[in-house]
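One chain, chain A, links the two complexes that follow: it is found with chain B in the first and with chain C in the second.
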Partner chain A sequence: MVDVSDTAMPSVEGGTVVAALRARFGDAILHHEVQAGDEHVVFILASRNVEILRWLKEDPDHRYDLLQDITGVDYGGGRPIQVVYQLWSITHRRSLRVKAELPLDALEIDSATTIWAAANWLEREAYDMFGVHFVGHPDLRRILMPDNYAEGHPLRKDFPLRGRFSRAEQTRRALDFSLEDFYTPADLELAGLRPHADALNPPAEGKDAGAAAAGDGEAADGAPDGASR
Partner chain B sequence: MGLEGRGGEAERSGVVPGAPTFLTTRLDYVINWARRSSLWPMPFGTACCAIEMMASAASKYDLARFGMERMSFSPRQADLLICAGRVTYKMAPVLRRIWDQMPQPKWAISMGACASSGGVFDVYSMVQGIDTIIPVDVYVPGCPPRPEGLIYGILMVHEKIKRESITNPELRKKLRFEDESIVARPNKPADVIEEIAQPFGNSTKQNRVSGLVSTRPRSRPADRKP
Partner chain C sequence: MSTRTVEYAVSRNPEMGVDGRPVQVPTLPAGMEPDLRGEHMLINIGPQHPATHGVLRLILELDGETVVRCTPHIGYLHSSFEKLGEYRDWNQIVPLTDRMDYLAPLIYNCAYAMAVEKMMGIEVTERCKVVRVICMELDRIFSHLLWLGTTAIDVGAFTVFLYTFQERERIYTLHEKFTGARITTSSTRIGGMMADLPEGWTDELRHFLNTFPRTLDEVETLLTKNNLWIGRNRDVGAIDAETAINCGFTGPNLRAAGVPYDVRKDRPYYDYETYDFDVPIGEHGDCYDRYLVRMEEMRQSVRILHQALDRLPDGPINVDDPRVILPPKTDAMNDMESMIHHFKLVMEGVKAPAGESWFSVESSKGELGMYVVSDGGSKPVRWRVRGPSFVNLSVLPTLVEGHLLADVIAINASLDIVLGEIDR
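This part shows the complex of A and B:
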């Protein structure tokens, strides 16, 4: 059970988080704003984001265990792009917004996928829309735009509303797709649109282990049969 | 001349002793009658227009009246593509592929402002009118169109089918692209796409693009005469 006193005064409680962050991380906490009455926004040093976020999740007094969103904000005019982490503590019913600012010429920040699995697709979206590179992300691909999209990152302020290419070129590129741009090889194999890897490369002696590991039924069945005879 | 033997109280009531048990007609008429009376729609519903399309198929508006109650969720068993809703460039190859998979003869309805012209979504990610992707027979305006609008569009397709002839391959070519070299290619040359994709471009040029002359509202009741 949660103590009622924990939830009664969210702004005060949010303030204690900020104080605790300052006490623990010192210079890594750049500044702090309160928006819309009781929404605490903490600006942190981008180079120490994983350390701070992990503490916020794991410290028993705070437990921001739900990552609601990761997004970017581009205010234009050459100002740095902000990476925003919107956190929610299920235990204490509190929210916290953590922001890290990245200069336009160094859009790199460590990935939070090791802390929250939910960060995977959220970081892909931030990468797709803003071009922020999340170092250490297991699969940093575009998620909304097609993989062969070559016009840039659409939510940046310097991105023209109708895109960079002409409409005819956009149409041509959209139709001039290859299935590999949209699906992984495993998906294509499932759909029967690509021959099984074994059919492409007849298994040599050394590849039996690989085929069995890939979960291919025939190869897995064949080996015990041969052994029993 | 059309289907003979429709007149007369006796024939309408059924087979009359002594009446002829055959009729003569034109082959084109029978074929066109069969094609237009049992169009199987391929619903390509991507947005709110699809809700109105579903309403059209439901009991109140009842597309079954036109032999269209079988929504065919498989393009190979469909002959009328109803594109209802906005189409993104990421979805464009899907739409094109579904159209290419449909067997001839086939027709397409572009339902609503977004499918017809991009609508309010004049942005980097949206196809500015599906006629840049596939050939469209009838554009239904509206945001979304009411079921009456969609049904009127379907009746316009019926009119178009009535004008076809199996003995006239030129008409067939004109009414529907059958050139295999355009499979999975844009439906229009680049300069035409540029022109109709301009802001408000498509909304003023669709009659020309579809190959139809402008149909003014006043002349429309006459279109429906058999």
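This part shows the complex of A and C:
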């Protein structure tokens, strides 16, 4: 690991973007290091991540247009969790790693979905695995673990390898499922397994009218037993 | 024998009476506008469905036969590889990597080893570089062949599957002779390979390379100008270049949309810049272009493999570094120093200095990134895999919206996903 000051940049390409970032965002750029020879890592203030990332994507001199990865790193021992953005510029053929550190008691950062559509699932995975809340994400659900998973966030260092519950409890929970674990409320409503909430209080606009009608019709005919939970 | 009368339970449909005629009942509460787009229907595909290429589950909201909304559910194959990796030393992770993408296991083995070597600052030997290029290009063909066969089955052309699987079988044999396993190859080690190429292996590979393009030609005559194949694929699931980049598409899917981004060309590793090969580019970004791009990629891989075999240098395959590579068995038995290295490597594993590295290669499915973080111990703090299929699949809802239900199968097949890597 090499800590690099502003004056000595081993790689000109990576150095220019860091200098530009510092010139534009000042204190929001916390520090910069070079890893594994040529990988530039920039630590930024978590509260200004969207602003900085959007500039990195849209500035014509940099254009980091491909979001390769969003992930987290937990070093354990109560240290902050890092949110890692790995960027690549197809135009300029450069990569950059941007990191934001979040303390364990405030795992919240603004979502990058407004900048890259690719952030959607990557952020869901980071939320699922590390419990980082991406504020403004359109659909922040668990993605790899089941929706009803109650044992926490598996890639955190405080999570035991075999999970928190005993094997018997894990099996019992896996078998004791409800429809809500497999379908979203909107899906259940569409399938007629759940009456539309608005059917009781009709909304001012008839937006969901079709779905509501289908729900009523099927429900009147007797929904399957599984739905009565 | 009397005639049996069957009564259809038409009353289950709320809009029909017992006689089957529509009944005029108010289906909407008073004051609510009817939804003129018609009733939507929800159908569930998977997780056990042959056309989902694994355990992918799609929930589709249909309007008639048109897809309004698609919600993929993944995680049915989740094995928590990244967590398991944190409890294993650097070399023990290699077997986990090939279980992710079991369609191109050698690429994953190599990519992982390359990431760790980059972090540790190890430069592998010239022979190892060429051998790994051979491994990766061979498995690109291996994976594309499976994609070709199963995609053809998905849209109704069965014959191609038999052709491609015969060829895959020959690659399986090459895998087996080199690594001892057909799928779970675990062939790389930090600093080199598990073993050098066996005697005569390169001749067999050369024979495969000389005969395999004929099969490809036959498949092309079956598909490329086939009216049904074109009808099922052309203009289906099209995506433009800008959206494709924004959605994180990589690999053949991105190149089919007209973006010439190939890690082998843009960020060359292992002297890829010295190989003479072309990167095929599509222009429409639809399923048909994705097919054409992959077909051409296989031919280009054959070109690279020929060049790699021509330049394959002699010499050691493993680096001469006792920190990472086990000494030869005879040395370990006769020489105290080697014995100590052997003991420490087996008991403690390779120790990587503190640091991190994000290394990506061009896998058969797209950009495969390996992110490794070390705190100086023999186990990683974090081992992250940026799976190309994972990101490619996240675009599926955008691609299928507005298409017919049957196109969902064609589009999903054309993305070339592997669930082992998506769910990890």
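Note that in this section the second predicted complex is superposed on the first by the 173 of 229 C-alpha atoms of A that agree within 3 Å, B and C clash if a C-alpha of one lies under 4 Å from a C-alpha of the other, contacts with A are read in each partner's own complex, and residues count from 1 in each chain.
Keep in mind that, in the parts below, contacts are C-beta pairs under 8 Å (C-beta built on N, C-alpha and C of every residue); 3 or more make two chains touch, one makes a residue touch a chain.
Just so we're clear, the structure is a prediction, and the values are computed from it rather than from any experiment.
Participant: Considering only the touch criterion stated at the top, classify A:Ala168 as touching first (chain B), second (chain C), both, or neither.
Facilitator: The first partner, chain B, only.
Participant: In the superposed arrangement, which partner chain does A:Thr184 touch: chain B (first), chain C (second), both, or neither?
Facilitator: Once the two structures are laid over each other on A, A:Thr184 reaches chain C alone.
Participant: What's your read, chain B or chain C touching more residues of chain A?
Facilitator: Residues of chain A touched, chain B against chain C: more for C.
Participant: Pick one for A:Leu30: touches chain B only (first), chain C only (second), both, or neither.
Facilitator: neither
Participant: Quick check on the superposed pair: does A:Ala150 touch chain B, chain C, both, or neither? Answer first, second, both or neither.
Facilitator: After superposition on chain A, A:Ala150 lies in contact with neither partner.
Participant: Does chain B (first) or chain C (second) touch A:Glu39, or do both, or does neither?
Facilitator: In the superposition, A:Glu39 contacts chain C only.
Participant: Classify the contacts of A:Gln68 with the two partner chains as first (chain B alone), second (chain C alone), both, or neither.
Facilitator: Second partner only, chain C.
Participant: Who does A:Trp116 touch here: chain B (first), chain C (second), both, or neither?
Facilitator: second
Participant: Kindly list the residues of chain A that each of chain B and chain C touches, one partner per complex.
Facilitator: Common interface on chain A, chain B vs chain C: 144-146, 154, 159, 161, 182.
Participant: Where on chain B is chain A touching in the complex?
Facilitator: 89-90, 92-93, 96, 122-125, 127-128, 132-133, 184-186, 190-191, 193-194, 197
Participant: Flag every residue of chain C that touches chain A in the complex, lowest number first.
Facilitator: 12, 14-15, 27-29, 31-35, 37-42, 59, 61, 71, 73-75, 78, 80, 82-84, 87, 118-119, 121, 243, 245-248, 250, 259, 261, 266-267, 354-358, 360, 367, 369, 371, 373, 375, 381-382, 384, 386, 390-391, 393-395, 398, 423-424
Participant: Spell out the part of chain A that touches chain C in their complex, as residue ranges.
Facilitator: 1, 35-37, 39, 41, 65-69, 71, 73-76, 84, 86, 90, 93, 95, 97, 116-118, 120-122, 125, 129, 142-146, 154-155, 159, 161, 182-184, 187, 190-191, 199, 202, 205-206, 208-214, 216-218, 220-221
Participant: Any idea which chain A residues touch chain B in the complex?
Facilitator: It is residues 144-146, 151, 154, 159-163, 166-175, 177, 182 of chain A that touch chain B.
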